[in-house]
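To keep things simple, chains are lettered A, B, C and D as they appear, and every chain counts its residues starting from 1.
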Amino acid sequence: MIPALDILLIVALLWLARQALVARDLFKGVVLFIAFGLLLALAWVRLRAPDIALAEAAIGSGLTGALFLSTLGRLRRMEREAGQAEPPPEDGRRGGWTGGFLTAAGTVLVTALLGWAVWALPAGAPGLGDAVQARLGESGVSHRVTAVLLNFRAYDTLLEVGVLLVAIVAVWAVARADFPFVTRNAEAGSVPPQQTALVNLLVPVMLVVAGYLLWIGATAPGGAFQAGAVLGGAGVLLLLSRPHWAVLPERRWMRTGLAAGLLVFLGVGLALVIAGRRLLEYPAGWAGALILLIEAAVTLSIGLTLTLLFLGGRPAAGDPAPTMTHTNQQP
Amino acid sequence: MSGFALGAAVLLLLTLVAGMVRVVRGPTAADRMLAAQLFGTTGVAVLLLLVLAGGGSVLLDVALVFALLAAVVGVAFARRGIAAPQPGRGGGHERE
Amino acid sequence: MTATTLYALAGIALFGLGLHALIVRAHLVARILALNVMGAGVFMFLIAVAARNETPDPVPHALVLTGIVVAVSATALALVLALRVQAVRGRAGLAEEESPDA
Amino acid sequence: MTDGADTPSLVCLIALPLAGAVAAFLWPRRAPAVGLGVAGLLWIPVLGLLIRLVSQGEQQYELGGWAVPLGIALRADGLSVFLVLMVTLVGGAVSGYATGYFGGVCWGSSFSSLPPAEDGEDGRDGGQAHERAGFWPLWLFLWAALNALLLSRDLFNLYVTLELLGLSAVALVALADAPVALGAAMRYLLVSLLGSLAFLLGVALVYAGYGTLDLPMLKAALGGPVAPVGPVALGLMTAGLLMKTALFPLHFWLPPAHANAPAPVSALLSALVVKASFYLLLRLWFEVFAGVATSGAMRFLGVLGAVAVLWGSYQALRQPRLKLLVAYSTVAQLGYLFLLFPLSSAAAGGFTAWAGGLYFVLAHACAKAVMFLSAGSLMRAAGHDRLADLGRRCARCR
């Protein structure tokens, strides 16, 4: 007997996803996607995964939603400046009715095949839960997910912190300083006093919450990712309500802060190698402290990375005056 | 107590369905966004009810993060509206 | 059928929904949205798998946390790239003629 | 199998380029020196690893001191060390070329509106400084991802390396700011992300069915009765990897991406990046899932490869631009690689097929890298790569 709550949640999730994906109006699609993310966090709670629920609430619906919203805003502005009154109609794709039917049939077939494989999964429920439980005492933390992330499978996490740095280098390489948002946001000018008041209230609270999540991660759901995401949320709020921040020139501390997570993580790992241990093989008694050190640096880097990813381009260099012109030719 | 809390949670989820209709039908961008923000608030309420139903106090943290990040989305929406004004029609230019 | 099986199947269904939208939609933002829904489906499947046990298996939880952060990085890069495509071409879509033999 | 705890060559192969990437990001002006330094220093762990492989056989390294399946292990056998050697060789050569390429005049794009970069340090050459600043950290991340992928024996870890590889490769393509390059990068990114997601779902299915992520342990677990989850997971992972390897008919993204990237990037993508996902296919089909993969499926891959050879060569002959020609020839050459699947399962010719296949991988990596680098130099000299006009220009050079 499946609880009504779960059935309702799953039906709502599937329906929202479908609506978000078929919406011709992209703004509608994005808002539906944000709502989808909120319900997804509830689903994680129902599946007894509070760590994921925390991350989803912060990243999945929160920051990703904000990213999509600001992208749509910038797209519309570009379209208007290019003289397109209405957004151009989406091109029809792949040969009309038969093509559409074949695509749909193919997707249904693939999904059915996957569903069949899931349905026929052996009942034994194998997994590594017991192995984690058995070695938890040696990991330096008492929360099992943190033990996996920062100790048993810390190498994955190390590479993944690298992915974050790649993302920022990539965004900076793709979007140059003459990117429209940087200048236009400054021109957008006055921020309503209500927003300033809200931000002044929220940002300190978010900083405290980020610190709390970082600290609690050793013993309970929380940790560097969730804390970094909340920190990133605070950064996005500040970017949105201090227009002059958006044209803040690139500074040394930005690069240092962005790289800090990978630097400390790799540094600790290699120091242990030099000390004759293996990569990220924490000495007994030191594990807890080293994990906290790494997590603190990673939290800082994630927060800064998410903020600067939201900026959507490399910060202006040197001269803070927005003199850059952006070209927006029609092809 | 837990049965009552779960029942109330189901009821709140049902109210979300009403909210979804507003998101889908619009007609203006602000309608959709407000409805989605309502989702966030209802989500917080559902989480608190699940705490009552024995879900553990960790859900309070989730509810806290929910509430904080919903504000980020709200501000992102508002700034988007300011940064992209359309003469005379305010934020409602997504009218279908 | 248990609730976890239902969630696992729902994850697969989300993957399929996203896949279809990724193929049929032309606008880049819509396609990036589709990829995010697909990712959510994979994550839901993994978390449902973890929930089969009496105490949830922490390994899939760690994997999904990693996956969520990777997903937001990729999404940010994709959106910036889509904006650049719009800036240089006037529309956020990919021209079919780009791959001459397609 | 020897545990390499006392010689951290395996770790150095990954940590060195990773540290180099961070350094190149932090000190953009020193980035070329960092890149060349990494390219030179990497030979130490590579040769150390080679010596140990020859003297002691397969090497492995348990990261964090945790035994599999709880922890992650690195593993180096003949196949992976062969490919690591190839990456070090080609990567070093391309790094050398890139110092010259990104040091000189920038072709094809104007950055005149760009303000001076790097805290005003590089005021003299804003545009190239920008391209250069992007190239080195991304290339070093790509290098770290390649080595990590070739040495990993954990499925989820492989997913993370695939993402690291894919994102840095896409960003490298986008370094060429031309409209057509941006479109190509966008297409490449979508394909790459779709491929990663398919792979990840396959990994998730494997974990659901067999409770392990370690490749050798999975191989042992697959020896039992076959549940539908095994073949379906293999199918998903294969589909994702075929997209990334650009096997016909999933090759549509490759020619524009490889042809429009800056020349050193084209060389890296064609010579190394597509080989990484091909290597993973070999691992999965011939080692881990050997009991699951049917000979019919192998023959199917072979047929696709054969069609790719014909189609890619035909398209290459039709191209008006030099770099597009070279890119389509990559599509054809990748087709040859897939002939390995049906040939190696033939009872008699198995060993010959493997030797030939690996020789071909190396030959193609070297030849294609050189071809793209030469094309880049020609483009620099002529200002374009239209085949019809290149001849005249080169005649004048003489």
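Everything below uses one rule, namely that a contact is a pair of C-beta atoms (placed from the backbone, for glycine too) under 8 Å apart; a residue touches a chain by one contact, two chains touch by 3 or more.
Everything numeric here is computed off the predicted structure, so don't read it as measured data.
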item: Pair joined by more contacting C-beta pairs (A-C or C-D); value: A-C
item: Farthest-lying chain, centroid of Cα atoms versus that of chain D; value: B
item: Chain A and chain C, separation of their C-alpha mean positions in angstrom; value: 13
item: Whole-Å gap between the CA centroids of chain A and chain D; value: 26
item: Residues of chain D whose C-beta touches two or more other chains; value: 156, 160, 163, 167, 170-171, 174, 179, 182, 185, 201, 205, 207-208
item: Touching two or more other chains - residues of chain B; value: none
item: Per-residue multi-chain contacts in chain A, two or more chains; value: 3, 63, 72, 114, 118, 121, 125, 127-128, 132, 153, 156, 160, 163, 166-167, 170, 174, 327, 331
item: Pairwise chain contacts under the document criterion; value: A-B, A-C, A-D, C-D
item: Of all residues in chain B, those that touch chain A in their complex; value: 6, 9-10, 13-14, 16-17, 19-20, 23-24, 26, 29, 32-33, 35-36, 39-40, 43, 46-47, 50, 55-56, 58-59, 61-62, 64-66, 68-73, 75-80, 82-84, 86, 94, 96
item: Chain D-facing residues of chain C, complex; value: 8, 15, 19, 22, 28, 31, 35, 38-39, 41-42, 45-46, 49, 59-60, 63, 66-67, 70, 73-74, 77-78, 81-82, 84-85, 88-89, 94-95, 98-102
item: Footprint of chain B on chain A - complex, ascending; value: 3-5, 8-9, 12, 15-16, 19, 25, 27-28, 31-32, 34-35, 38-39, 41-42, 45, 50, 53-54, 57-58, 61-63, 65-66, 69-70, 72-73, 76-77, 80, 184-185, 188, 192, 195, 198-199, 202, 205-206, 209, 213, 216, 220-222, 226, 229-230, 233, 236-237, 240-241
item: Residues of chain A defined as touching chain C within the complex; value: 2-3, 6-7, 10, 13-14, 17-18, 20-22, 26, 29-30, 33, 36-37, 40, 43-44, 46-49, 51-52, 55-56, 59-60, 63-64, 67-68, 71-72, 74-75, 78-79, 82, 84, 88, 90-94, 100, 103-104, 107-108, 110-111, 114-115, 118-119, 121, 125, 127-129, 132-133, 144-145, 147-149, 153, 156-157, 160, 163-164, 166-167, 170-171, 174-175, 179-180, 225, 302, 305-306, 309-310, 312-313, 326-331
item: Interface residues, chain D side, partner chain A - complex; value: 5, 8, 11, 15, 18-19, 21-22, 25-26, 61-66, 69-72, 111, 113-120, 130, 133-134, 137-138, 141, 144-145, 148, 154, 156-157, 160-161, 163-164, 167-168, 170-171, 174-175, 177, 179, 182, 185, 201, 205, 207-212, 227-229, 232-233, 236
